[in-house]
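Every chain is named by a letter (A, B and C) in the order it is written, and numbering of its residues begins at 1.
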Amino acid sequence: MLEANGIEKNFGGLKAVDNVSIKVKEGTIMGLIGPNGAGKTTFFNLITGFLSTDSGEIKFKGKDITNLEPHLISRLGMVRTFQQTRIFPEMTVLENLIVAPQDNVGEGFFDPIFYRKALKDDQKEKISVAVAILKDMGLYDQKDEYAKNLPYGEQKRLELMRAVMTSPDILLLDEPTAGVSQDYTDNMKSYIKKLKNERGITFFIIEHKMSFLMDLAEYLYVIDHGKLIASGTPKEIQNNTKVINAYLGTEG
Amino acid sequence: MDYYSQVILNSIITGGIYGLIAVGYSMIYSILRFVNFSHGFVAMMGMYFTYALSVQLQLPFFIAAAGGIVLTAFLGMIIERVAYRPLRFSFYLAPLVAVVGVAFFLESVALMVWGGGILSYDVKTTSFNISGLYITNVQIGILITLLLSVILLYYLIEKTTIGQAIRATADDIKMASLVGINSNRIVVIVFMLGSALAAVGGTFLGLETNLQPTIGLSVTAKSFAAVILGGFGNIYGGLVGGLVLGFAENLGVTVLPTVWKDFIAFGVLFIVIYFKPSGLLAKRQERGGRYR
Amino acid sequence: MFYHLTILMIIYSITCIGLNIVVGYTGFFSFARAAFFGIGAYTSALLVMSGVPFLIAIIAGGILAAIFGWILGLITVEMTGDYFALATFAFAEMTRQVFINWTGLTRGPLGLPGIPRPEIFGFRFSTNQAYLFLYIILLILVLLITEMYVKSPFGRLLKTIREDETAAQSLGKDIAKTKNIAIAMGAFFGGVGGALYAHYITYIDPSAFVLHITIFFLIIVIAGGMGNNYGTILGAVMLVLVRELPRYLGLSPAFAASLQQMVYSSILVILMLVRPRGLLGERKLLSEQSSEEGGK
């Protein structure tokens, strides 16, 4: 589904991402792990078009998307979240969700004039979809609260829900559990499983904490200093000496 | 050839003045990432403080200028206390809007006290002819003082403990407070120092041309342009940018009709902003930072 | 005096409702307002003076301003807050220099005197009462159109740009295009406001379009409450009173001018200290129930 070949990115002589190739299969949960500063987020920015690559090729659903603008990549069905959660703080929880769908009627300049009826019907439908998601994943009671007033963990949950509202084929999550409590981490795990089973969404997840992905992901890539150092099932990764050294090297 | 060496000399003088004002501005910007809209208006006030002391109170010019600089430094402190510090962690537009208010307040004060007419300092000028170059005693004085100010500033920033603290704060304000630097105190010092430099520049502007209460705005715009030209994040960036601007202005007039001079000045500013925007990545961090 | 002040309030409200789209909803601090105001004023005045009907002329003024807004938007699309503010400021000053120096068209600093008062289908609005009536209708129209946009998904999209452009892009929103439309829309109402101003005062010159007027407009929007059109109207009412009343105190014109500037700049600083988000805040426009009722 998603394929990247030989991706490279330099920041002023420093190789942030060095010849990385990955493949994400449809209907799976895959992970990208590595110590802090290994280039994981940079790699995500490259795939999603927020940074331009120096060399390499990215394919999504068979289409070349290398260096395409981020909103066009998102429209193809690949949606991401951010390590530093990016919600719309001065909008309510419900508004945060309603604004997300990509087939919203009424976002063009002439729409509010010419499609008044369609616009209203569409809004009604989107609200019910959003309400259903809110009831399903929590936060329904806070739906009219400004997003900035939510605790951090719930902001992360809101960001995920907002991404789901775009009906993506694949979701790229950048450290979905960074800075949240163990309870939230467990919750997040069950959401992701649920979304994969009920909506058939493919996941590609960055994590710093290896334990989070160990029983969630089916396949893991490991990068360190911008290079791919290993890949395999969680079991294989757990016993890979290169990986253990990389983690010990930076944290010990 | 002589004509152009004359233009170059004039460029260095105007450019140096702009640069000096802009350095004060870039210090505040590099530490707080804050566009101090009132900076040019502060320079204008410095210009008039000197006028009040030298012409109205009949003090000798050098003493009057020194007094003007000290008064302006205190004005900078008051602005920081009233309009900036209480709003530092408020709504992100609030400090900017507040200094816009301060700027126009200062302009209205100047208009009320000194009137809207054109004034000038009471300084005798004599012109010298040095191998075809015309230079006045005032210009020589300006050049010498400019050089001294730059050396003094360099010494202050690079060699003293206060300068070290300022540089550390400019690098990373959070980090600086973590290592025990009182960032509030540094901000006040920078506001005072920046305003003092603005007063020096403002007084020079008054000497070179004349005094008008409405110049604040164009001085603000020019210092911002100088800072952008010179590059952000570097305290001396404004100095270089100011010199470039001085050259552009003086050379521009030699080629183009004078009535379009301001059009060209703002056109240059526009083009500079267009070709040196801070880039998409910087924008992301900046916007994110405002809310959190 | 009552009619005069009220008419000014309406002209400024229309202009600032446009500015609010850019500053309040989209979150960009634009200093180009005086330019759009001036473009609209000159265009409409010159057109009517050469025989074009009033209604067509003010719309033409708005459209020309919008075209300039669109171009400005294209150029500034990647600029950050501070840079955008400065670029729009440079643009406004360049425009004013054109007003001053293109003497063949604008008569430069001499200004354009004798701009005809509005005439619609043969009826000439010559008294202040008739004026007020006409301008109130136009204000209501502008308010209805803007409210419709602001409440629509388009308006919500504008807010996402203000809140977090990157996140909006990650959801697949075309931020560049939407931002451009917002600037052009704002410029359109600025142009219409300028045209209405020209036909009311009947005389314009470049000094009416200096940065001070832009600042005045920005203060109206910020004081009233950004992202709230009714707040903008409240701001216009308040600021017109603050600005114009000193003129009626029998002071010398120069002193009155600096006094009014002093008063409203102090109000601005105090307002920021007390209510940094303006008098009226932004309203929550969406709730599950109200939208369902609205849809029925």
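Definition applied: contacts are C-beta pairs under 8 Å (C-beta built on N, C-alpha and C of every residue); 3 or more make two chains touch, one makes a residue touch a chain.
Please read all numbers here as calculations on a predicted model, not as lab measurements.
J.: Report the chain whose CA-based centre is farthest from the CA-based centre of chain A.
T.: B
J.: Quick one: most central chain, C-alpha centroids?
T.: Ranked by how close its C-alpha centre lies to the overall one, first comes C.
J.: Based only on mean CA positions, could you tell me how far chain A sits from chain B in angstrom?
T.: Taking the average C-alpha coordinate of chain A and of chain B, the gap between them is 46 Å.
J.: When the centre of a chain is set as the mean of its C-alpha atoms, what distance in Å lies between chain A and chain C?
T.: Result: the chain centres lie 40 Å from each other.
J.: For chain B and chain C, let me know how many angstrom lie between their CA-based centres, rounded off.
T.: It comes to 31 Å between the two C-alpha centres.
J.: Which residue numbers or ranges of chain C touch two or more of the other chains?
T.: In chain C, the residues touching two or more other chains are 163-164, 166.
J.: Mind pulling the chain A residues that touch 2 or more other chains?
T.: Counting only residues that touch two or more other chains, chain A contributes 86, 89.
J.: Enumerate the residues of chain B that touch no fewer than two other chains.
T.: If we look for residues of chain B contacting two or more partner chains, we find 288, 291.
J.: If we count contacts the way the header does, which residues on chain A are in touch with chain C in the complex?
T.: Within the complex, chain A contacts chain C at residues 48, 50, 69-72, 74-75, 79-82, 86-92, 94-95, 98-100, 102, 104-109, 111-112, 119-121, 123-124, 127, 131, 143-144, 162-163, 166.
J.: Contact residues on chain C for chain B in the complex?
T.: 29, 75, 78-83, 85-87, 89-91, 93-94, 97-98, 100-101, 163-166, 211-212, 215, 218-219, 222, 226, 254-255, 257-259, 261-262, 264-269, 272-273, 276-277
J.: What part of chain B is in contact with chain C in the complex they form?
T.: Residues in contact with chain C: 35, 82-83, 86-87, 90-91, 93-98, 100-105, 107-109, 111-112, 115-116, 217, 221, 224-225, 228, 259-260, 262-263, 266-267, 269-270, 273-274, 277-278, 280, 282-284, 286-288, 291.
J.: Could you pull out which chain C residues touch chain A in their complex?
T.: 148-149, 152-154, 156-157, 159-160, 162-164, 166-175, 178, 181, 282, 284-288, 291-292, 294-295
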